[in-house]
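Taking it in order: structure first as structure tokens, then the write-up.
Chain nomenclature is as follows: A, B, C, D, E and F, assigned in order of appearance, with residue numbering initiated at 1 for each chain independently.
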């Protein structure tokens, strides 16, 4: 199984997750994160307007665990729906998951997805 | 080392983490996530009650890195304490962690857990 | 590629991320998590001051995916900047990422970081 | 004569009391789980909307229409006809327009059912809630208000309830207990934590309640100077004093027994003190107010522990423990302390001894408990048998914010 | 004669109206995306700051200075000279100090431009917003206030606008539509969700608005008893009634057509009801208020749907649909219902039939739309051509909280 | 004679001032780190509770009891005996019941120690805080209030402090600086960011403060018309004007020097303007108020920068920079502008020149600084030596919300 972590614009989450569902990839979860990439972050002014620091931008991480066979499909769908062509569109990271378990039934492996 | 990510009902987090601690698994962290699985998500109505979209349900991700030997024990404890038998009980994903470091001391590997 | 997940004090995040940027490691994301380690957590009192439960402490997870070659450098920077020497300084976990994709361009692998 | 000073004060007080309901929305909203905050706020907001309409149509005339048999008001004021915006109704107050009195009373009718909602939070059908509000204000609230304030039998008999210890607090507190019992416990209640999701909201709500309560109690003199009981100034002062003592007492008890000086405890204690001083506020002096506030903090704190131990009922936000118990203590304390320390601003009616007054207060307590408990049960059972009282298990699991209102308080993926 | 009862009430009302602007800040702030809440709140707060200064320097004299040609006030009150803090200005009210009247009017001038900001939320340059506020209050607001309230031609001619249906609501609503059109849509509007990030904030804002509106409408009698129209008490009662009906109606419609009893709908409906009753509040009775509130809920609900379908314009927070449409309905309804059900507290001017009054109201609607629409456009285009109206694409993407104000509402990495 | 108009206004003002303390709780609560918000709110809430009780028991009589040697009030009003809820105390005001005056003054005594808490936020033991509040109100506040307002020597000598520039603001500001110094800096202060965790809360607090301040200043006339100084209307107007100018000035300075128009800056500037106008509010006209507000924004902005550069002291929420510096500027400005632009509503006492008045004001500044600074230090050192002032390192690290109050503001795992 593969875990696909896509860090995308929050505004694109609804599009991405709907498209994934249409392609049969229902199970997933999302987290609010802050991030910095090429789009480097911005100045922040404290009380009195003098203490300046760098802040990060708000992103959403979409995490979806899929069968190995579905990984490329999922990646393609995410790219298609999260892209604006502007800096800040985000990154996708892929890693290996060794097992999955459905809490309700105890089922394991691909069946648990 | 194994990383166990359990996406469970927020209401079950206290039970799960207490049970883990009793079994000697103290170190862990939790994150608020939103998720969608068999329990598909729900309609959301905007201002004026016309713009409808799909929203996700709130879950908590419990993340615990354990020695390989402890993985099955941890999984069993989580299942036991997070289960209601209803849809939405959640998923557990297992993956491999290649190293762990304790920031305070710089210790590495299993000792750092 | 390596994914480095550092769970540190929220107060240290700015220091850590600035130091990483200076070392050329710009891309990263952060998440608010709650955690428990040696620093075990604390009592919580409900309404009327009678229902007692254990709560967890607020931490920030800094997640950065780097080329294999950069992993040790990143770890060293994080340790240096996140350390106070007190319990609660945090943990770093390292795992393997099999692929990375830049959404905007579709570039893959190390180039996408 | 209708005058601008008293009228201005009554209108300002009415606005203050109105604000208590949004205050309550935040007090309650902060105390529930994150998935239920909008639903809880909606209970308060829709109480404002529904009761306002019921009141002008038929509520006011039932409660404050010319007395019919010492039991109910007649229909002379249906749709507020004959309720002048410029002339006084001498029976209630010669100093303010009749309609200003109707406005002020409306605000009490709004908040009373809103108080109850804390008991059945997170699990009642919204349609059932709406229907319940209409019926309860009409059947339970209006007659009781008539008896105590509108010239009904408790009024004539000399029961003291300056600003609503029985009409508002005992009434809603007992109804809450009954409602919690009839609707049943929240899913997995007692097994899972169901703690407050936002303590600052609780404190904001408590702050607005404290603020608005000055209108509630000091406005109940129906005049800025002179007026009922010991007058607005006395009521204002003892209100603040009891709130303060309630907060100190509850905080201290939580510190002693729970190990921490709980902020939710401070807020709850302030509310408990405010509840208990309500019936007494125009009738007692400052030192009795300290005692009343202290008692309120202690008794309500205790009641929360006791009710929570009693696992059969899930009065989600402790409405009974705070308003039922606090209101009862206040009604009793009114009898005990009436006339004390008011420097002549208020004295017991001629020929009435402290003992007699206590007796009257006890009767009013029993009447209120019986009336509210019985009729609330009848209404809720009737609703349950017809349109149903409780949401589906799925909706409760998801949370009413999304399931019933389609508005997640803090959306899963904010943009 | 200047008296303490009426003056106290007017000062209290002024404070209530002032609080509406922070209330609006939260109503609007909750409705926008998380990255824009501070920017939206700043719009309201800076309206308070900027208009307060403009008002005392030259705004008040332009609006309420002695009439010059039925078009504008002269400069007698420049810098508030000749505006006594103790003596009345008999033309406006004999019962309160002239300066108290100037204070009360100031609060209206503050909130009106703040209302507009919902239209161009999340994308206007802060410098442009500041300049716009100064110019708009001076050029658009002050003359219209003079015409309707300050002795100008609509006033003399007998147009009824008790508390600001045209001066405040239509005026800001139409300006909002024009502003939304000129500044253009938010990036990717219509393609991405731009929903409210915090529903409790919306409800808090609505609660404060409802509360403050009692000052807005009942204060507009300029006296606690007697005073303009049917007086403060009548205005207070109908204000509450219309708010309630508006909330019920909008909630019901969202339930019927959207499947859920929306909380944002309840809040929006209450505001719509309050908007519509504003011009009518001293002129109509309680039953007409029910109709006005119900109409407001329905028409504004409908207007939101219609405007949102019209994809060319992005009136971000539906200012036109609520204030423009609600205000227009209110102005019309004032003509239809004026004098009805007020029990003699208010009657149409002698010799004026209901038909004539409706005609006058329609004229006032057309005048307000034309005046506000045209001049707002002129001002905005002028600003656009000079200092520029809209932030850069990058700043909009990042969000104005950080980009313009350097204050993330809820920092990315809170400590 | 006691009359309803003035009494109603004073009671309404008292309610407004009470609300300022919850407002302060949110202003301060938003500014601290997320782990400390409940602790900070508790400081304000417990000030309300503790001071309310101290005040009725012995605080009021010490401050406003019949004068003993121009230094302190005697014990005639212990437990509020002899403080009538219906009769006036002619010495303070003939128009309102004596008890209404005691209520109004109580609200000032509540907020003053609450203001100080911003200095030692996030690190003081809760028990120490409680004890400090009791002692400080008794030893520092009550005598100073007596000197300035209660017939003491500064009062008799003709020092002007309309609504608390010295008694409230300088007093708390100087105490804050001393407290920050004695308790020491927060752990790792200066090394780690300690920024505000919730900007909307800051703005909510500022909005409630602005609103409540109308009661603070305009209520201090002790009458709706007539009354002290130039009267309530004048005080109301200049209060708003100074707040507005303060907000504009601070925002502009943050824009110029920090590159962004800070929202926290706007809120801080409004508060600074309100602080500075407080002593002057009944004594100056509108144009001087513009100057006072502008000066407040500038001086306090500057003071924040200076104090923050001075790394030895950690006045966490800039209490000294805003209240100490703003209060001092206001006291001085009162002398400079007293009587200017008030249109005869207020004039300097006969035979007193502007120069003399300035001299008196300077003396009052020196006295307040010395008194507050010295005695606050004594109290805090005594507490430190006995029960201890500061929490353990562990508790500070965890945050006082959980460590001291057991109530995490937003729980780690909300359900």
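Criterion: a residue touches a chain if its C-beta (ideal position, glycine included) is under 8 Å from a C-beta of that chain, and two chains touch if they have at least 3 such contacts.
Being a predicted model, the structure only gives us computed values, none of them experimental.
Each step here moves to a touching chain, and the least such steps from subunit B to subunit F number 1.
Taking C-F and B-C together, the pair of chains sharing more C-beta contacts is B-C. Residues touching across the subunit D and subunit F pair largely diverge in numbering: under half of the numbers involved belong to both copies. Separating the centre of subunit A from that of subunit E, both taken as means of CA atoms, is a distance of 42 Å. Annotation: 48 Å between the Cα-based centres of subunit A and subunit D. The distance from the centre of subunit E to the centre of subunit F, each centre being the mean of the chain's C-alpha atoms, comes to 33 Å.
Of all residues in subunit C, those touching 2 or more other chains are 11, 14, 30-32, 34, 43-45, 49, 53, 56, 84, 86, 95-96, listed in ascending order. Residues of subunit D in contact with two or more other chains: 3-6, 8-9, 12, 34-35, 192-196, 198, 204, 254, 258-260, 262, 264, 405-408, 411-415.
Listed in rising order, the residues of subunit B touching subunit C in the complex are 1, 3, 14, 17-18, 21, 26-32, 63, 65, 95-104, 106, 112-113.
Against subunit C, the residues of subunit F that register as touching in their complex are 34-35, 188, 192-194, 397-398, 402-403, 405-408, 411-413. The residues of subunit C lying in touch with subunit E in their complex are 10-11, 13-14, 30, 32, 60. Put simply, subunit D touches subunit E in their complex at residues 2-9, 11-12, 14-15, 18-19, 21-23, 25-26, 29, 37-38, 41-42, 45-46, 48-50, 52-53, 56, 79-80, 82-86, 96-97, 99-100, 102-103, 106, 126, 198, 201, 204, 401, 404-411, 414-415. Residues 3-6, 8-9, 12, 16, 33-35, 95, 192-200, 203-204, 206-208, 210-211, 214-215, 218, 223-226, 230-234, 236-237, 240-241, 243-245, 247-248, 251, 254, 258-264, 266-267, 270, 285-287, 290, 342-345 of subunit F are the ones touching subunit E in the complex.
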